[in-house]
Amino acid sequence: MNGWGWVLWGYGVVAAALALYTWTLLTRTRAARRRLDELR
Amino acid sequence: MELRDVSARIGVTTIVRGVDFAVEANEAVGLFGANGAGKTTLLRLIATLLPPAAGTGKVLGSDLVGPGRYRVRARIGLIGHVPSLYPELTLRENLEFVATVVGSPAGSVDAALASVGLAGAATRRARDCSYGMQRRAEFARELMRRPALLLLDEPHTALDDSAVAIVEHIVSATCAAGGGAVLVSHDRGRVEALTSRTVELVGGSIR
Amino acid sequence: MSREAGGGFAQTLAIARRDLLREQRVGEVAWITIPFGAIAVLLVPLAVGTDLPTLTRIGPGLYWAVVLLFGVFIAVRKTAAETPAQRDLISLLGLDPVAGFFGRAAASSILLLGFELVVGAVAVALYNIDLARWPWMILVVPGAAIGLALLGTLAASITANLSTGPALVPFLVAPLAVPLLLAATQAMDSLRPGDSILPWVLLMVAADLALAIAGVLTARPLQETR
Amino acid sequence: MNASGHRMGGASWLDRAALAAVAGALALAFLTPPEATQGNVARLFYLHVPSVSVAYMAFALALVASVGYLVSRRMAFDHLAVAAAEVGVVFTGFTILAGMIWAKPTWGVYWTWSARLTLTAIMLFVYIGYLALRRAIEDPQARARRAAIYGIVSVVQIPVVHFSVVWWRDIHQLGTVANPTGIQMDGILLVAFFAGLVAFTLVAAALVTRRYALAVLEAGVHDAAARGAGALAGDAVEAPRIGARAGEEHG
């Protein structure tokens, strides 16, 4: 793998991790909203 | 000691709500309520061990949640329905530990144990004592500490007929010294005889 | 009626005495934790090979890793745990929280010192560790015991009465014990003539002091029941 | 807290600013000329160093919030503390991932035991411990108090951890290859680095905002459950229904 390969690999892994975290955050928020609506 | 419009929660369960409750000096009050009504929680609330979710209160001149509560705690005696003795230590070692922490004079330990009829069991480990004996030892501890506010949770539980006199003695001694007492119980007959008035905890409120 | 509470030092001693008496009656550290540490020292050569020169070289490091990873169980020993009723009582006795913290840490320090000495004797024998300039160990061994006891006491108080508490404490302690591990291992490494051991001893002292300060700062909120 | 205002949490101005900054930073990171000694691989620098800076900022925010909670006992500080700590853990994770992927082509190994990498790994575990502790406690006030205490204990100890690791590395010098500051940074490279820092700071701020809103929601769920039906002590207990005699005695 050349330099660019490593760079794309590094940026790709971090971007995927960031996307995963953002997704879990949105999912948890939606679940909490739903639960709150149920309780009201 | 008085509570005004006090509520308390444990987890998501509301234990008491909008409770007004006061105990004057020289007064002993009986507190009744069904299983799970929140009597024990109310005692811990009065003892400043559980902060109220709402409302205000004063105990022995200090606010229920103010920094003064750390000072008045040393003048509150609580005998819960679960013994708080260290099972590995003897009854005397348990009381000696308390005496050192509160600064009671040496010698008061044996006197206190003798007064509840446990002089002969002083060197027995708490683990090897019956529930009733452990209860007696806890009364000995409070006799030694002489708190200004005495909170008793089911005081007569597991006490034999002769030991019931201990409850009577400690309540009247506390009130005679200008203190107050709250007795949580199901034993209406015995508690009504010891207290000047009784209240009932129903649905999270005092009646 | 109110009386003066016992002095802070008397309270510290009372708490330490209580903890040591409870341990003495049950023997949890003496009969479980210490033998467990000793067998860990015995197991490692079975995994990495029994070549004595290698063991002599890596022995001190293995010893300290075992002390920090297994010694932490002393902080979560059953005989130091308090039931909710016992915590209520302690709060109502007017115990100075700082005295309570130092009393519990003192008892744990003494037990940890015992752990270090027994496991250390096993390690010295099995790994043929050279104890040149051993007098420095008089500072390093208790220093590590005190630091780990302070850290373990803090972590045990933070997790008191949690169902996962005994599992959490080692995890919370391990990363923060890094200065103790480095100071102890590097001090032993520096036992060779010419290397200075003093910076590592000072680091140990600094770590212990930082933990003592943290304990004083957090003693009051930690004593609150609930 | 714009995110909490929208029903489905649509994009706030902060989200948009973060996205724009990321686009700009990426463009700079990829379009700048290769670095003199390491070539293209050095572009990982724009990922690794800004994320560790942001992680430290997040942990500093978590500390301030922890102290704020213990002093004021306001739950808002606790919500902020957990938001900052969680985002800090995420960015520490980015730091380690990017650092390892940078280390492999540069030094031939994924892990180099440099003081910086070792410290970052320790920090990661300290704050994973913080999050694990929070998971173990159900009562919100008890959780807030105990978590704040652990946060403070950690922060008192972290400088000592820092110095111990740095000393330890100073003695066992690995040689200059393990020194990431060997990079020549000037002109446009410096601009790319700062663009990365700004972008990551904005992304972290957007994430903290959303995590804070989630903490507020979860507290609301807890409160609503507490107000819900059947949650009053004693309500779950009724008179026993065994035999008619018990009823007669009470009647």
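Chains here go by letter, A, B, C and D, matching the order in which they are written, and residues are numbered from 1 within each.
We adopt the following convention: a residue touches a chain if its C-beta (ideal position, glycine included) is under 8 Å from a C-beta of that chain, and two chains touch if they have at least 3 such contacts.
Not measured: the values here are computed from a predicted model.
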{"item": "Remaining touching clusters (ignoring chain C, no chains moved)", "value": "one piece"}
{"item": "B-D compared against C-D, more contacting pairs", "value": "C-D"}
{"item": "Between chain D and chain B, distance of the C-alpha-averaged centres to the nearest whole Å", "value": "45"}
{"item": "CA centroid of chain A to CA centroid of chain B, Å", "value": "53"}
{"item": "Centroid distance [mean C-alpha coordinates] between chain D and chain C, Å", "value": "29"}
{"item": "Chain A and chain C, separation of their C-alpha mean positions in angstrom", "value": "40"}
{"item": "Residues within chain B bordering two or more other chains", "value": "51"}
{"item": "For chain C, residues that touch 2 or more chains besides their own", "value": "226"}
{"item": "Those chain pairs that satisfy the touch definition", "value": "A-D, B-C, B-D, C-D"}
{"item": "Footprint of chain C on chain D - complex, ascending", "value": "70, 122-123, 125-126, 129, 132-133, 136-137, 139, 141-142, 145-146, 148-150, 152-154, 156-161, 163-165, 167-168, 171"}
{"item": "List of chain A residues in touch with chain D within their complex", "value": "1-4, 6-7, 9-11, 13-14, 17-18, 21-22, 25-26, 28-30, 32-33, 35-36, 39-40"}
{"item": "Sites on chain B touched by chain D in the complex", "value": "9-17, 33-38, 41, 51, 201-204"}
{"item": "Residues on chain C engaged by chain B in the complex (per definition of touch)", "value": "1-7, 10-11, 13-15, 17-18, 21-22, 25-26, 79, 83-86, 88-89, 91-95, 220, 225-226"}
{"item": "Residue ranges of chain D in contact with chain B within the complex", "value": "138-139, 141, 222, 225-228, 231-237"}
